[in-house]
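In what follows, chain A forms one complex with chain B and a second complex with chain C.
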Partner chain A sequence: MPEEGITKFGKYAMDYSSLVSISDTHNWIALIPEISLCLIGLFLLLADVLIPPGGKPWLIRFGVGLNILLLGYLLFSKESASAEVLFGGMIDVTSLSQWFRGFFLITQLGIFWLAGNYFKNRALVRTEFYAVVNIVTAGMMLLAHSSSFVVLFVALETVTIGLYVLVAYDRNSEFSLESALKYLVLGGTNTAILLMGIALIYGAVGSVNDPLSFESVRAFLAENPDNLLAKMGTLALFASVAFKVGLVPFHIWIPDVYQGAPTPTTALLSIASKTVGFVLLFLFFGESGVFQPLASFLFPFVLWVTLISLIYGNVTALGYTNLKRLLGMSGVSHGGFLMIGVLVYMKMGELNWISGAILFYLMAYMIASLVVFGVMSILNFEKDEDQDLYDYNGLSEKRPFLAGALTIGVGSLAGIPPLVGFMAKFAFLVAAFQSKMYLLLGVALFAVVVSIFYYFKWIREAFYKDPIRGLSLDGETQEEPSFKGASYSDIGILIFLGILTILLGVFPMNLLSVWNFS
Partner chain B sequence: MSNLLLISILTPAVFGLVLFLLPKKLPVVLQNTLASLGFGIPALIALKVFLDYTASGEAGFLFVSNIDTGLSNFGISLKMGVNGISAPLFLLAGIVGLAAGITAMVSVAERMKTYLALLLVMQSGLMGIFSTYDIFYIYFFHEIALIPTFIMIAVWGGQHRRAAAMEMTIYLTFGAMLSLAGLIGIYAMNNLGSFDLISLSAHLAENGLKDTLQRSLFGLLVFGLGVLVSLFPFHSWAPRGYSAAPTSVAMLHAGVLKKFGLYALIQVGLPLLGTGAVSWSFTLGILALGNLLIIGWVTMAQKDLKMMISYASVMHMGYIFLGIASLNSIGVSGAVFLMFAHGLSAALLFNLSIYVQNRCRSFYMDEMGGLGKHTPILAGFFMAAMMASVGLPGFANFWGEFSVFLSLWQWQPVFMILAIFGIVISAVYGLRAVSAIFFGKETESLEEVLKENPVKDLSWAERIPVVLLLVSLLVFGFFPRLASDSISKTTQLHILNESHTREEVQTLEAVPANTILEQTDSADSNAGGGHH
Partner chain C sequence: MLISHFLIVAGLLFAIGFFGVMLRTNALVMLMSLELMLNGVNLMLVAFSRQHLNMDGALFVFFSITVAAAEVAVGLAIVVALFRKKQTVDVNAFKTLNN
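Let's turn to the complex of A and B:
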């Protein structure tokens, strides 16, 4: 920085000409998807006030239509990575971040499908849900593009605060409110840890131009890998990521919040919030990741967190019969499984397909979760927080199609060939073998065996009809369990997702390797 | 030709899917037609493939084709083809599948449509296991066949089905995971980067894996696959699982799916991990004797008919494991032949046992006595099946057991003497069961049952699967050469080539390797040809 440019704010401030040159890089076109999502959200909120009650379902449909248009725009614009410096280096458009854009947008549409079913027979305001989800999605997309801790923090907080609202969405339910309070307290603590980590790193990096950009932090760490402050900051950031992914011991919020939150929100937490964690991990440990220089320091922490998550998540899930809690803990173990990929990535960068494998796993998990949550939301039990394994008893007799769809979804989560979940797990097993992490491999195999037990229990209940059920103790017949049926559009979506699950399981189409951008 | 293999996998899967998606109130005729096509077409293909293979006189893989499934990065693609070992087992899958399918259609069960659909999916996996030579896909198809098994047992099974299904699920998944680790290990521990069995064995023949590595990988396979095949201390899932399973599932699992473990051990373990096999063979032999003698003893004590047959099926795995452990050409060929024969006879026994149980309305043999008077045909079939299972000459099992004994004589004569006691044990429980069920005076409980429900002999529909299985047993009992020639050719050339196996070890003990090879050759031609 030229000497004469220093103002009275001292050497950290910028001169006028560099401010101008930064504002020249404000290319808003690069952020069209995020901006449009926010606009759709705001539009929904505004129009909701003006439109008569009869028009509200149409308003929601219109909003979803806009989202689909946006997805189409993303798919066909084929905008790939740009080498251009954006927003003074705060935003970085890469092919990876483009991938995450698509991922989050598709997840969002899936959540809207779940919400449509969830809101049937429930006296709740609807439009706001769609508005908030739009803004949360915009936050997640922005996060994938961040290239500075400032943007990272802002985007992450947009997501988190939106999620607080969505968890508390069923304001008539004690459970929803209770879980929102728990999420708020723990999430707030997590934000504090995140902020503390950023502050420590800021303190360590100190007096360079823009000390919060990923580039300068990485450069600093490459030169001073032994800086204690930076190491502590990195650990704090990893803890915060582990909270998002739900890794043990940062998983403590998961069962309660998953149980109390409305089902579509639970799905959003389990798919998108987990993915947000992996977006951060890509930013931190990817090929040009911020903390790449500290990978060997962090490796043991990550390894132990992964091992414990795989074991604890699965063993705890064994004991649950509440499905949302069960899915929460199984999600912890899926997070652990995904971390195998991250560990391999940290250990041997030359295994170039591993980032593709992580993305493939995320996609497999998204599809399978949408199927499972889809069936849950179609059945739409009256007590949303109290969906029990045994409530599914006899499903196949009444609703064979839903039972079949559930089997495919749960089977894919469990990793059974020929479903896509198996291919995703298989790639990680091969990777663990090739990087010679045998302990991890053994624990992962153990985890698969345990997980098959509880997943299979669910399938068994769906297909098995307890002969005692339907009879009360004094021999009178009770009401037979009744299950809501799927509408034609539900059937269409489930068939589409089911075919995708099988097709990608049999023909992964080299996606595993095509996606090795990072 | 190569498309035929693929068609045999796809047909059952497609018909199963169609059955599943068709509406609930489907006319029974249409349902049975679809299912019969789904089971019949693969069976015919299997017969044609088997006959063509044996006629060709080849030893390696034939009818080869390669389908890219988008996993070429991992060195995986769907490589179809059969060799002398998989051809008879492919035929076995076809025959037993058809028999089990007909049995299922004859039986009366709720939600038959879904059941048949699942059974067809299982059949598709079974045809797949024996028609591919890509290690990944061998495992893949095994899992496809295994999962419907669990569901069918949990939903349509008999007594204690929920507990039995869960026990089986955990046990078998555990075994499958261990063997998956072993299979991935073979892939990851060499620099070829391929799951293709042919190129792997060519590659490893030149630059084999380190001995310690071979030992640990073969150990993983022995225990992982051992769990799947109910090797002695890991067998406890099998009797409970089979006795709870619906008959057609028990037929398919005990008859065909269980053979996956043995097949993988022979087809993958022996050629790729020769040194590992040598170091584990003694342990394997001891455990196999446990199957024969300890489980044999347990079998004699059973009172429940289905439990007894289940235990008997576990016990007979001992012979096959002994044949593999002997690591010579006769033993391994005998093991393959016995796998084929046992698959038929085990399926036959499970099939007949449900007919017996339905007629007596009882599980227990001491409540059945004197049934033979009312059902002479059933009695005849049951006796024949029992004799086949014991290993009477004239049935296919005899040749398998005979070759295994021959090979044991060369390897560990003590093992052979102990193993022969197995024959005595199976004769004891077999004959005792036949006499308890069919001969003697009618028991009180049977008389009561007869008062209310007069017993009829086997109907024509019930006879079809029984005759199908029994005729196959007899054909291969009188003409074992149909299969044994190509089996032993393949085991000699491709499984036990001289770079590994026991010959190596015996050379160290100053025994000229050539003599042993000559011995095996001459003894083998005796076993194959001395019966016409």
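Let's turn to the complex of A and C:
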């Protein structure tokens, strides 16, 4: 019922001066990386139509060069977190969001490297891939800066719809299309659930000024932690985050979509989609996060999802021989591992280094994934959806360098001591121990042990040659498998990533404390 | 009219859409069901907006409609490409991905 003396919406009708004061906060300089990424993407799309086919490889190189320039700008610009109110409080630049900017840009360059290898010997349109990845990256960066549910929703959907396009990228392959349809239907349902969560929270918070901003929602929840609508909305939002990270039981899309998608897209899904989930978790459960007042209500849900993901992801991966499915399910268990950090974070104990540990793990996962997917994309098997463990049989004999790189990448994913993946996992184990979550610690240790089994099956295939495999039934030798070799630039990148994996594994503590943004 | 009437209709739309996605096997009907879910939420946002007497929810609906349109454009493109491959839009025919 409208209160007396108030016309329809009249109470919040804006006068001219308040509009001016909001538009004064539009500081476009703060969004230069996102804007430039969108412009690069649109430029690539436009120039692709205009220039002759012979110039297209140069167009792509030019675009990637612009991305590298942007990375340089990010690294050397002294811009840091500003306390300034931006865009009427919709954008919030913090040192954490700056970190994610750099992370997403580096991931993007890694994906471009994979894409360059993937597109060799394939009759596909190339430039569009780079354009869409640019726009998806801009969406992810914007998400990290969002400070209102409106920006969060729009940025998240920019990412998701871009990913649908990238999964369906190989239009001639029924596998790519099928996985895209599966991703679209499940992702669309997830979008609806996310929107439902936002609507419920809006219904609960409602009548305050700017009810969709994180600040007012947090203030409301701190005052009324028992509001039913808000609790339901929070659960819906957590479900949609769990879908992005790929936590059980919201992981059903993972194996099929990972398998059918083109290899660079699979890498983007496994690195970026997971990180997007953790960006959201930082926004929701961080120290000044929206749902921090409800942390004790959500804790049991998050705990059980984490435990089940750790167990289910690893046990299911044991049965897979298709590498992309295997990496997908191992990604589920990595997501579970990262959730240990979030659980500790939610408890808000003495462990103030835990946010740094989460970022460290994300970085370790990115480097190791880039190495592994890099080797997969260099070998570039003709059937992209059907890359099997046993296809790698005898790799070390033909391509010892690639087999060595694969060992470093897979070893880092499994968490073998001198490599960076070990330090990342170890930090979480220490955190779980110190915050007295012993059940979680036990399950995490179990997960590590099981994961070593299936990861090393892959390394074993690469290093041992099965004497029976080469023979057909009547004893004649079949054709030897041939492996494509790495170019000099591939070798350079792999060596760089490998050295990084080892160095960061030996000297990690600096980063753990430097990246403590909370 | 009470706000709860709108919320019940919105919840019903959402539920019909959800079960449509889960139970139907025609890819086009699944896309329609996705839209139905989003429309249920849109109705809910507008109803809350009217209840709270502010425009935030009603404005949010514009973003949601835009996203739904983009999503369905990509979705239809994928379904058309799949139809060219398989001559059907029944999802039971799309079972090629396995270990």
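As a convention for this text, the second predicted complex is superposed on the first by the 504 of 518 C-alpha atoms of A that agree within 3 Å, B and C clash if a C-alpha of one lies under 4 Å from a C-alpha of the other, contacts with A are read in each partner's own complex, and residues count from 1 in each chain.
By definition in this document, a contact is a pair of C-beta atoms (placed from the backbone, for glycine too) under 8 Å apart; a residue touches a chain by one contact, two chains touch by 3 or more.
What you see is a predicted model; the values in this text were computed from it and never measured.
Chemist: Can A:285 be said to touch chain B (first), chain C (second), both, or neither?
Modeler: The answer is neither, since A:285 touches no partner chain.
Chemist: Have a look at where A:345 lands relative to chain B and chain C in the superposition and call it first, second, both or neither.
Modeler: The answer is neither, since A:345 touches no partner chain.
Chemist: Using the superposition on chain A described above, determine whether A:191 touches chain B (first), chain C (second), both, or neither.
Modeler: A:191 contacts chain C only, not chain B.
Chemist: Check whether chain B or chain C contacts more residues of chain A in the superposed model.
Modeler: Chain A has more residues touched by C than by the other partner.
Chemist: Taking the superposition as given, does A:214 touch the first partner, chain B, the second, chain C, both, or neither?
Modeler: It touches nothing on chain B or chain C.
Chemist: Thinking of the overlay built on chain A, is A:104 touched by chain B (first), by chain C (second), by both, or by neither?
Modeler: neither
Chemist: Counting only touches as set out at the top, which of chain B and chain C does A:256 meet: first, second, both, neither?
Modeler: The second partner, chain C, only.
Chemist: Could you tell me if A:457 is touching chain B, chain C, both of them or neither one (first, second, both, neither)?
Modeler: first
Chemist: Mind listing the chain A positions that touch chain B in their complex?
Modeler: The contact residues of chain A facing chain B are 353, 396-397, 400, 404, 407, 411, 416-418, 422-423, 427, 429-430, 433-434, 441-442, 445-446, 448-449, 452-453, 456-457, 459-460, 463-464, 506-513.
Chemist: Which of the residues in chain C end up touching chain A in this complex?
Modeler: 14, 17-18, 21, 27, 30-31, 34, 37-38, 40-41, 44-45, 48, 51-57, 59-60, 63-64, 67, 70-71, 74-75, 77-79, 81-82, 85-86, 91, 94, 96-97, 99
Chemist: Inside the complex, what are the residues of chain A that reach chain C?
Modeler: 2-3, 6, 8-9, 11-12, 149-150, 153-154, 157, 161, 164-165, 168, 171, 174-175, 177-182, 184-185, 188-189, 191-192, 195-196, 198-200, 202-203, 206-207, 210-212, 255-256, 259-260, 319-322, 325, 385
Chemist: If you look only at chain B, which of its residues touch chain A in the complex?
Modeler: Residue list for chain B touching chain A: 20, 24, 69-74, 111, 114, 140, 143-144, 147, 150-151, 154-155, 162, 165-166, 169-170, 173-174, 177-178, 180-181, 184-185, 187-189.
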